[in-house]
């Protein structure tokens, strides 16, 4: 893996993400890249389910939100330091994903998609009623938690670098799985699940495993994100729109590709950010986003990577 | 991608005038889209109305200079997800000197985290929840009465009319409404009133049929609850449609909007805790009187101001006052001036708590209770409580449903 | 010999980038039972799909009653009297037998004589009359094939095209169905039969085409074909 | 006890409306395996039409059902050609995204025009009382109309030429084409009918509650639950599924805090999905 050019491309992306805002202490750029990191992490992990195994998961936000809740709650109520809280969030949510997965992975197609929507709504409604997590008011953590990092300003940088690391880990994970036997099995499931099972792919195990794996890094990113916000509430933690956006990103970039999804996430965040803050487009940003998406779905169904591959066939050798 | 950055940078350049030293920039987000749009719009109009008046008068004068006020605002889509990014942008890219709050407690809380991190003063007229003020914040100041006191007037009035009233409390499952009703429940118990139902509903609820039946089953004769605009108005209409026959109904936020009149008979007799009404007559130490404010506002927007507009205007007015007192736009000096403020404006008295456990919380301002009554054959709001401020007598029990 | 109702000239077709048919020509004459035979994968079903329009031919021409119908949509062909009984039956499985027949007569040309045609079909397949109310998907294989043929007949077809009549059916059922086809032919119906079972096809048809690898291998009267050594070896197992 | 009975009656009334609101969603889903994510926006379109016509022309709300039906039908045909036609034969995700995109456009335009202001249309129809509990007239009328529309749709699907052809297309598209059914036109008509059902239900719901541009979302979500309970494309199934959901809400509310109903609803939804993929009240997929 280390010898392949793509390994170094990912390393370069991580380096650029880490270095760009750090040069000249560009905080505004950092904040924009924080969201880009979140989108890349969410979309890349969603891509394991969607692009590889062909399962439409509207519930990726549940991993993010639950990760955030577990982490913030441990920091707030039990005074845990950040790192163990994050790990607890990652492993806890993965374990939950395994339990959810065992139930709903028997479903296929639209039914699976619907069940994941049900899980998002159900978990959000649960969090709104669960008093240890502050119910619908959520949890505030005092700015004092940033003290161990040397103050809020320093803490934000530490958190940012951690998020870049998690994003990088997501890309390596996507890449590693894609070039493994496990990944091949997933792609086979995505093509034709019954045929894959007949060919000897242990489909139930693979599906449960990928669902579980795809929960880990989003949970950690959720923990970092809401720790950074110092505030978490159900409507933000389990916002169905973010899940939908992650799916749109996979489409935009080209589902099943590592580069495409990462690039799609980055472009999407920049575009949304631009539309939202542009004085010209602000009133119609939803409409414009809708029209753009429709054009992409109708005329560029294989996404950005499909377009790049067809225009520059040689890139296929380098990119994944 | 680069092109987008260039575009954005170019836009920022064009938008920033060269004589920046005589301009102060105030940043905020408002809900151009999403469910909070109606209430948020009122607040934004209040902000803008203040800005236009200040600039027309030559700007804010402090330390021998005069500063024109410039706004930068973004759509927060009524969700918290982007609020922190947008406030960070307002501070770092748009170089906002001061901040105003978004609308609603749920959005103000994440915004406050950012304003604290960067040491920017944020004046809050949109979030009444108290929790953000218990985090040891130094730069957050609330000009409105906090959630804890929203319904205290209603409970006093109710106790006077019927000391044995049975109360049903049903409210939206959001931070603000929960905070308001939790405090109200305590005040009701302290007043010896009987709370027979205490429940929250999901903010996305569209049909309150089962809820209304539950209220009827609880044998309550007084109702306190609601949340924001849509749910409150729907609840009022269904209470009326299902002939719940309450003697008393107090609903948060929704009835404070003039559009509430569209409900027709369902609106009659409903009371609403209000930060401010057009009938109040505080004697301002500076700024417009209520009559002047209402007149100018109506001339501009062709509609009477609601309390969101008034509190939004007050945000600006108080900031302006503090800057003028401080004689500087330096955040620390303005903060000190804000901490020292104790004034009366057309909006009422303004004074901030200064103890570390509640710093920035409003302790001077008092709410009034308004009731929808027939005024010359048309539905309108009258101030009915406290009695010394009332513009009409409280109707109790409220006119029966027909 | 009578005139050709259906004429296929130099037909080329395939799926995606894979070409299956390489310039196939054939004719079906009025009142005759024409058979297309060939091994599995020879391109028989693809031929029918290209002719019926469920896939678009790449090149070549399909003429039906002196009209070029190559680019016509399938349902427009059906409206002109083109009835295809597809491989695997393709019934409306969750609908009743009666409804399947009714839908067979969907086109305008068929709807006017609906009642008489239904009676004729029931006379031909008395079993179906008994099972009118049953869901088509719950019938036995043979009964389903009957519904499929009956549905085709309900459209008042100028030509009835049957794809793989015998596939998956017990010999006794196949025999019954063949007897029915014979009756139909004697009543003057033009039939194009695609069959993997060469024995059957040759026994029943007036003229037959043998396809191999997407091309015409040979054609002729059944008697002539059964006498050819290549045919005997490759298809008849003699 | 009376309270409980009242809750159940209320549940039935509301459930019939849920069923109606879900019918268009489940019809399109059943016929072409497309989840129409514009459904909620179309419901709102019906509500807005009600508001505009009722307030501008002073028409009776129930007269507005006719233009709502016709307008919805043509909106559906347009939707088919814009967002669905090119998606046939592509993975299910594609139509999900294309309808989602159209939904963004509709909500975006709607928000730009109306904001999220609340609209209220007053309707006076005498209601019915049971002790202290009142069932408002518009609710009863809406429930009755919902049942009538469902029966009408059932009749249309089972006893008209177009309806049967629609079921045939749902059942087997290739065979439909072979028997001479212009399937593309039928698919367009199906979307037309599905959207018309959405707009009509919106118009009817608009007589019950005040609404905003975003009110359709919760009915769309409930539509998913109803579909899962009642099966695909079957109007009677949708009605039964809707009533089941409504009665569940009604039956649960007296006993648990209202805010927990959603948790119970979605938990039940997921459990039912897992236990009966394809719906409780239909035997299997394609049972249109």
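By letter and in written order, the chains are A, B, C and D; residue numbering begins at 1 in each of them.
Everything that follows uses one rule, which is that a residue touches a chain if its C-beta (ideal position, glycine included) is under 8 Å from a C-beta of that chain, and two chains touch if they have at least 3 such contacts.
Fair warning: this is a prediction, and the values are worked out from it, not measured in the lab.
Centroid distances from subunit D, each centroid being the mean of CA atoms, peak for C.
Between C-D and A-B, more contacting C-beta pairs join the chains of A-B. Each chain gets a centre from the mean of its Cα atoms; for subunit B and subunit C, those two points are 76 Å apart. Centre to centre, using the average C-alpha position, subunit C and subunit D are separated by 42 Å. Between subunit B and subunit D the centroid-to-centroid distance comes to 37 Å (mean Cα coordinates, whole Å). In subunit B, the residues that reach two or more other chains under the touch definition are 32-33, 173, 200, 202. Shown for subunit C are the residues in touch with two or more other chains, of which there are none.
Each of the following residues of subunit D touches two or more other chains: 108, 111, 257, 259, 262.
Two chains count as a pair here when they touch; such pairs are A-B, A-D, B-D, C-D. Residue ranges of subunit D in contact with subunit A, taken from their complex: 29, 33, 35, 82-83, 86-87, 90-94, 96-98, 100-109, 111-112, 221, 224-225, 228, 257, 259-260, 262-263, 266-267, 269-270, 273-274, 277-278. Those residues of subunit B that touch subunit A in the complex are listed here as 1, 4, 7-8, 11, 15, 32-33, 74-75, 77, 79-82, 84-86, 88-89, 92-93, 106, 109-110, 113, 116-117, 129, 131-132, 134-137, 173-175, 178-179, 200, 202-203. Those residues of subunit B whose C-beta lies close enough to touch subunit D in the complex are 32-38, 41, 78, 170, 173, 199-202, 204-207, 209-211, 213-214, 216-217, 229-230, 233-234, 237-238, 241-243, 245, 259, 262-264. On subunit A, the positions that touch subunit B within their shared complex are 27-28, 31-32, 34-35, 125, 128-129, 135-138, 140, 142-144, 152-153, 156, 229-231, 233, 235-236, 239, 241-242, 266-267, 270-271, 273-274, 276-279, 282-283, 285-286.
Subunit C meets subunit D in the complex at residues 52, 54, 73-76, 78-79, 83-84, 86, 90-95, 99, 102-104, 106-107, 110, 151, 155.
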